[in-house]
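What follows is a single structure, and I will ask about it in a moment.
Order of writing sets the labels: A, B, C and D. Residues in every chain begin at 1.
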Amino acid sequence: MSVYSVREELKPSGLNGISDEQINDHWNLYVGYVNNANALHKELADMRANGQGGTAAYTDRRRRFGFEYDGMVLHEYYFGNLKAGVSRNDSGAFSKAVAEQFGSVEAWIEDFKTCGKSRGIGWAVAYFDPATGQINNHFIQHHEDGHIAGFAPLAIMDCFEHAWMVDHGAGGRGAYIDAVVENLNWDVLDERTQAAQEGKIWKRF
Amino acid sequence: MSVYSVREELKPSGLNGISDEQINDHWNLYVGYVNNANALHKELADMRANGQGGTAAYTDRRRRFGFEYDGMVLHEYYFGNLKAGVSRNDSGAFSKAVAEQFGSVEAWIEDFKTCGKSRGIGWAVAYFDPATGQINNHFIQHHEDGHIAGFAPLAIMDCFEHAWMVDHGAGGRGAYIDAVVENLNWDVLDERTQAAQEGKIWKRF
Amino acid sequence: MSVYSVREELKPSGLNGISDEQINDHWNLYVGYVNNANALHKELADMRANGQGGTAAYTDRRRRFGFEYDGMVLHEYYFGNLKAGVSRNDSGAFSKAVAEQFGSVEAWIEDFKTCGKSRGIGWAVAYFDPATGQINNHFIQHHEDGHIAGFAPLAIMDCFEHAWMVDHGAGGRGAYIDAVVENLNWDVLDERTQAAQEGKIWKRF
Amino acid sequence: MSVYSVREELKPSGLNGISDEQINDHWNLYVGYVNNANALHKELADMRANGQGGTAAYTDRRRRFGFEYDGMVLHEYYFGNLKAGVSRNDSGAFSKAVAEQFGSVEAWIEDFKTCGKSRGIGWAVAYFDPATGQINNHFIQHHEDGHIAGFAPLAIMDCFEHAWMVDHGAGGRGAYIDAVVENLNWDVLDERTQAAQEGKIWKRF
């Protein structure tokens, strides 16, 4: 009676500069988050059913939503926006929006890269503000520290060490980030942006 | 050329058990977040324009999106879901959803209250998962630690000390939380939930 | 069989610009941390004794050491370095050290004040590095985020809202920080610094 | 005019179950923290000298002490307590203390291992409380979240992915933790503990 399932359709392969071995190692971590999200969800429901909903243990297990849920969700967004060989469409919704705000798509890319190089581990996320239509790059520390309530995530890049260590060892962050940008699925970014701009909440894809 | 404005229409008054003096003191903090969100947005744009987008100072100022933006956004959600005298509608979208998941609306309220009493300061947020329709109470530490990417915030309660200290002093968290639940605007919760269930992204209200 | 006791001898009174009512309200929070530190310590020992030391609940309760222990410890350091009317001694160990590093004691004070005004709630801590003798002001977010392992805390200022709201309301941070500096017990700072410089670990006082 | 230097004498080699290649990759990260700690220290001093000590940029760069300094310091503690082939001495200060508190050294080891397996990345640290003599295992998230002010770190284990990925890939945390315990330098743990018990602050070693 699980709530969440592994989203096999999102698994990338044949990327440029990110090996399938790296993706496979990484994918196993994602599967772990799905399992842990389901386990946490069930444990909390069981504790409530057993009258333990007011205990400190329940409260502190509940704090783990951030880590386990974001650990699952962000990986889905991330794998879902990676694909080799998708050309950028300058008239796509994402490209148009960031070009207007940052001056050019290249300037947004530069900012996204430096965001991904922020000291510490975490994620770079281009977030859409539904109230203003603005898109900014946010660095999320760990999985859960720095998200904005109600903003829509558009472009997502994993910046945990596991994302590059198989291919590059500990020092490979820069080369990895270049490769991620090389493999961004611009069609997906446009699709996500268009949905957000039309006021549609979208399931994770 | 500010991006964000103070949302005067959201300011509550005449609540039961939360004084207007308390709300006024609290509102001033919210105004401060709007100003700081605008200032941060402008400062980052200026730094990029001045070729400082790759500096450590820029990177570390960018980390403050979480605090300043959530500080603004969460207060808008919070003030926006407080109103005296709104009766709960058991067939409303929010009530139906949480009753199904928690067993009863009362059980959800109990869980929301204990969530708000989590040790430390922050927020209790009932979050909607667009992929499953599930609603869970999450404790957010500070303003930015614990949000789930892409989830929709439905019911929001401020649990910083400034929210109750004017009325109660440092020890008044429990009394304050009771008062918040007393003043929840169930119509707004239903409206937010219905929008989320229909796949509509909604501006903050 | 408690491990920790309330340190009554540390309670300040008659401070300049910080009312006894404010201190009393604040002291009650400190007492709560002592109780919670004892409760957490006992709960973990009991869980280990009951074979629950490997559970997720144990692991997540253990994460709370940071909040509860620092909540206790930092308040002891803070109350312990507040006293009305203690004159600064320019040849004291603390003053000499920070004057050398910052240019003057006044420059250190200025830096300590701006540290205390860092956006967000937490603590300003002047930390001594035992390996170099350097003293720097660190902003600690919440109670537990930002400490340096093995460094010795010298001057400590609480920057949670409860520290000033009784006297000033939410907007009183600046006036409160001025008052704290006005009431720093320079003798205690010198004593702590001298102990650290002599390589003595000191109990909290 | 650097404040910190790389501590070459702490670099381990010939460990059991942790390859020199793994240590070398890891050591490079440590060197990066030393460089970044020096750079941050200098940048803050320069900003103060240039009258920028009151800016938001200065304040936010100062927040990075936690990450850069702990990133350096914890690696020194960690490398400094790893050595192949050091037998445990049951009458050593560390072993005696934890045996008394946990029931046996084996029980402490078990607790240290589960601490190291806490979900998320960070460190397991056995911390000594100078006020009570108690030793508990604390999980530190990232480098800086969870330390206790004024406590003395005794046994330290890195639980970032870079610590095991060269040897094991992403899934190797458990095998790595076993190997760390296998290579603990019990003489160093005893030495650190004895110093702490005698009230001596000790330089990092």
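Basically, a residue touches a chain if its C-beta (ideal position, glycine included) is under 8 Å from a C-beta of that chain, and two chains touch if they have at least 3 such contacts.
Because the structure is a prediction, the values reported are computed rather than measured.
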Count of contact steps on the shortest path from chain B to chain D: 1
Rounded Å distance between chain B and chain C, as computed from the means of their C-alpha atoms: 30
Euclidean distance of C-alpha centroids - chain A vs chain C, Å: 37
Computed distance of Cα centres, chain B from chain A, in Å: 23
Residues of chain B engaged with two or more neighbouring chains: 63-64, 119, 141
Chain-level touch network, classified as line, ring, star, complete or other: complete
Chain B contact footprint on chain C (complex, rising order): 25-26, 28-29, 36, 64, 67-68, 119-121, 141-142, 160-162, 165-166, 169-171
Complex contact set, residues of chain A against chain B: 3-4, 41, 44, 48, 53-54, 58-59, 62-63, 65-66, 69-70, 73-74, 77, 102-103, 107, 110-111, 114-115, 117-119, 125, 129-132, 134, 136-141, 144-153, 156, 195-196, 199-204
Residues on chain B engaged by chain D in the complex (per definition of touch): 43, 56-57, 60-61, 63-64
